[in-house]
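Each of the two complexes below includes chain A, the first together with chain B, the second together with chain C.
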Partner chain A sequence: MRLDWLEGPGSAGGPLHRLDARVKLAAVVGFVLAVVLVPMGSWRPLGIAGMVLAGLVGLSGVAPSLLLRRIAALMPVVVVLAAVIAPTHPKASALGAWAVGGTIVAKNALTIGAILLFARVTCFRSVLGALSWFRVPPALVATLHLMYRYLFVLSDQLGRMARARRSRSFRRSRWAEWPLGAGLIAALMLRSFERGERVHAAMLARGWDGTVRSLDGPDRPETLPPT
Partner chain B sequence: MTEPLPADHPPAAVLVRGLTYRYPDGREALRGVDLEIRPGETVALVGPNGAGKSTLLLHLNGLLPGRGASGSAPGIGHGHDLPGIGKGRKREAEPSVWIDGMPVDDRHGPEIRRRVGLLFQDPDDQMFSPTVIEDVAFGPLNLGRRKAEAKRIALECLERVDLADASDRPPHHLSFGERKRACLAGVLACEPTVLVLDEPTANLDPRSRRKFSALIRSLPATKLIATHDLEFVLEQCDRVALLDAGRVVADGDPETILGNEALMEAHGLELPLSMRLGRAIS
Partner chain C sequence: MHIPDHVLSQPVLIASGAIALGGFSLGLKRLERRLRDRTVVLMGIMAAFVFAAQMVNFPLLVLPASGHLIGGVLAAVMLGPWAGAVVMGTVLLVQCLLFADGGILALGANFVNLGLIASVGGYAIYDPIRRGVGGRAGVMLGAMVAAWFSVLLASLAFAIELAGSGWWEQLPEVLGWMALVHAAIGLGEAMITGLVLRSVLAVRPDLIFGVVEQGDAPPRWGRVALAGLGVALAVAAFLAPMASPLDDGLEFVGGRLGFLSGEEPAMISGPMADYSLKGLPDIAPVTAAAGLIGTVTVFAAGWFLGRASTGIASRLERSPEGPRSGGEGPEPHAA
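Let's turn to the complex of A and B:
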């Protein structure tokens, strides 16, 4: 499994890639909130939001087809939710279930599109840096740091396990291999659990006392260990 | 076995007396281990798989016991309970491990961890930070260093292991050998007086092994090295302790221990290649 895309294209991309991650994070959160707050059936603001997003996609240099494919992959879930919510929505009697359902789908498509664009033009480490800057709880940022670090280790491990399985698998149908795949994921989960224990031991061995400390930002007296 | 130290001699860098440990499933891992390492000595810990080498190493900076039920019943474990590791166990029995004369127990936990640098076998277990420099600075930050100072120490340690250029790289962009050296830099950044290395040369290609071996040799700290690399032992170590079935069954100079074919075979090992060749030629 290739995870290179998580590291982002760096300064090689367009102007949105080079923009400070904190600005992009604030902008995407603002955009999502603005879209969520648009009243049901208000098509004009949604249209403007759509044009802003399209302009940003054009500016970023990200292929629109790529974003559309990823938005489309998530749309079935959104459509099902809209179909369930729309008929019983308080505004359905005034606007009609179709208008309510359409607004839900449009809002979701715009917010998902904005988030996907943000993920495409910002490397994960910059996102974590921005989260720290916005004073997101350090434990959450540290958990995301660990997740990011071990995604690469676990994806390598999964790749090796899958190769080992294929080398001893003689079934021709992809469907017949699904139960084996499920076993593979279960084995990976157990190994990850064991690795988690070893990582914790390695952290304790270097003085970890449960407080998250990082080289980023200024010194904070409350994070210093007790003397 | 090690000669007893005279009364006016400085305390042993590592002293283990009657250490027992049982895994949570009830299997006995260590059955009364005795070991003494003097300051500045380099001692190899050899033995077959499952002999208890890694378990012994984890006791030296208090990572064991303390997990699960180990030590919770009389006669099991040696009864430490370090903060953040053990759960719900208040009993603190007599210590069985001392570092520089200081017992490895609850009260001395943080100081023991500063003094004992533990290098794990798999660098991916030890490198958990998003960049190399963050990882190397992890120990100094936990020891209470200011960020600027922690960064300076981390850069110095990376320089020592010849990885200064890799400071901003994520660990998964380093080769296995580079990750091993980065881990060693992370250990050195805590300025330990005792280095405990678990299979330092395992899975390294010959060039990386040579480089890593030279690096270890250059470090002045007291060293305890668990390894299957017997040539490395002959090159580096002043003494060898042979551990099998949770006991130290032999302790002495490397040529004597590793050259004893009957002893080595009895404990699942073999003569180092250089010794076999030397004997074949002579």
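Let's turn to the complex of A and C:
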């Protein structure tokens, strides 16, 4: 569904792709914090943040339409929450509910855009390297590593199973989707379990001691060739 | 969809972040003691599974939209409560960092709601029911009831976090709406969890966490107390909108004392103001009815599915070939 977003380094391979992942991670967290701390109804800092983000998007070579489409897909829940919060926000009496709601929506659009840009120009492997450099527990980093590795394997498997199911069922009612979908999930879960056991045995056979090693350390820039 | 940044206030974000950090590291510690070097592999692959399972869309029968499994209770039933929480936390982290689904700063709040409350809290509801009812029917009924309550409790937690961000006087109303919407979502979650577990029970019942080692021993007192607390909180979420006279009273007092006067103009001029004020008297009976109907439906469906799966499983065990997992060939006639 959404995995097409994860292509690692994009085809362009601009200057942001080559930047150290630790710098990018610190920058995106700093950007989010800065945007959060902007007081309600002050549009100038938000406008500056928006221009900075737009400049970075232009520098990165990521297609703006791609980012905008993804931001728009995430906005409905933000708009609903803003509509619930805005009328009774403590600042609403001074600024008006529309200004408060608008600020909430604008801030969220900015931070979502920043995170999406970060994900687009940083391959996940180097995000994990940066996380372990920032002293995130190694067990969590290794778990994320394996999760990312099997995300594509399992979603491909799910796609094959769904295709096989579609080709076997001639007529489908909306009611039948529920047990069929649940059966798909159950089968995928059992296969994941068994795959996990096989993978663990194979890793033990290759000398697994609980740490993920890679040839390039966390401080190396992106080394994947542009696709 | 998860909580974005800029919705909760900073104290709430910090508090939930601290709880989440403590809960996650506690869960990881306990897991490493139990699984040792298997932890990372099993957690990684099951997190990838939960992520993939969330891609399976289930059409809503009345609306032209679809929903998906959340998976907190399913993960907890299969892997144990803390493993479920760690799996959900990993999924949330990836969703936040790679897809911007849920804010970075709200990650703690999201983990408290969907990891700790859904998996650990859900397991606390599931476990006493499983042991009390016993057997496969117990697993089914316990998991479905826990899935339904876990969604409600997560929405309740979100309502409290939202209210803690400066909207205490609106808590009953927010609770009412959240509970009403999530009663429907919880029904879906319970149905999917039950249907998935039915398939698992028919093929590999030994994979379900704790069933083989612990059997049907009577539940521990602490678990029962936790489950009771969770159920009571969820019921309170439904009853909260009933407390509207109290709420009005509070507003009346607040207006008399003057500490709520700042909000008055905004309540009237805001675009949503009439909506939220008029919604209050109507929603209370609807929410309460939804809660009652939902609870009864989940219990009935869990009982029915549990009975049915027990029947299937015992038939399969009696047949000479043993359980069949594939679908190749016609069904053999019963002797």
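One rule holds for everything that comes next: the second predicted complex is superposed on the first by the 164 of 227 C-alpha atoms of A that agree within 3 Å, B and C clash if a C-alpha of one lies under 4 Å from a C-alpha of the other, contacts with A are read in each partner's own complex, and residues count from 1 in each chain.
We adopt the following convention: a residue touches a chain if its C-beta (ideal position, glycine included) is under 8 Å from a C-beta of that chain, and two chains touch if they have at least 3 such contacts.
Source: prediction; values computed, not measured.
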After lining up the shared chain so the two structures overlap, which partner does A:Gly96 touch, if you call chain B first and chain C second: first, second, both or neither?
second
Between chain B (first) and chain C (second), which does A:Trp208 come into contact with in this model arrangement: first, second, both, or neither?
both
First, second, both or neither for A:Leu140, with chain B first and chain C second
second
Where does A:Arg125 make contact in the superposed view: on chain B (first), on chain C (second), on both, or on neither?
first
Looking at chain A, does chain C or chain B touch more of its residues?
C
Touching partner for A:Val84 - first (chain B), second (chain C), both, neither:
second
Tell me which partner A:Trp178 touches in the superposition: chain B (first), chain C (second), both or neither.
second
Touch check for A:Met51: first (chain B), second (chain C), both, or neither?
neither
For A:Leu158, using the defined touch cut-off, is the partner it touches chain B, chain C, both, or neither? Pick first, second, both or neither.
second
Regarding the shared-chain residue A:Leu188, is it in contact with chain B (first), chain C (second), both, or neither?
second
Do chain B and chain C touch any of the same residues on chain A, and if so, which?
145-146, 148-150, 153, 195, 199, 203-204, 208-210
Mind listing the chain B positions that touch chain A in their complex?
58, 61, 63, 67, 82-85, 110, 113-114, 116, 118, 120, 122, 124-131, 133-134, 137-139, 141-144, 146-147, 150-151, 170-172, 186-187, 190
Residue positions on chain C within touch of chain A in the complex are 1, 4-7, 10, 24-25, 28, 32, 37-49, 51-53, 55-59, 61, 69, 74, 78, 86, 90-91, 93-94, 96-101, 103-105, 162, 166-167, 170, 174, 191-192, 195-200, 203-204, 207, 262-267, 269-273, 276
Any idea which chain A residues touch chain B in the complex?
7, 125, 128, 145-146, 148-150, 152-153, 156, 195, 197-199, 201-211, 213-215, 217-219, 224-225, 227
Considering the complex alone, what residue numbers of chain A touch chain C?
1-2, 5-6, 28-29, 32-33, 35-36, 70-71, 74, 77-78, 81-90, 92-93, 96-98, 101, 104, 107-108, 111-113, 115-116, 118-119, 124, 127, 137, 139-140, 142-151, 153-155, 157-158, 162, 174-175, 177-179, 181-190, 192-193, 195-196, 199-200, 203-204, 208-210
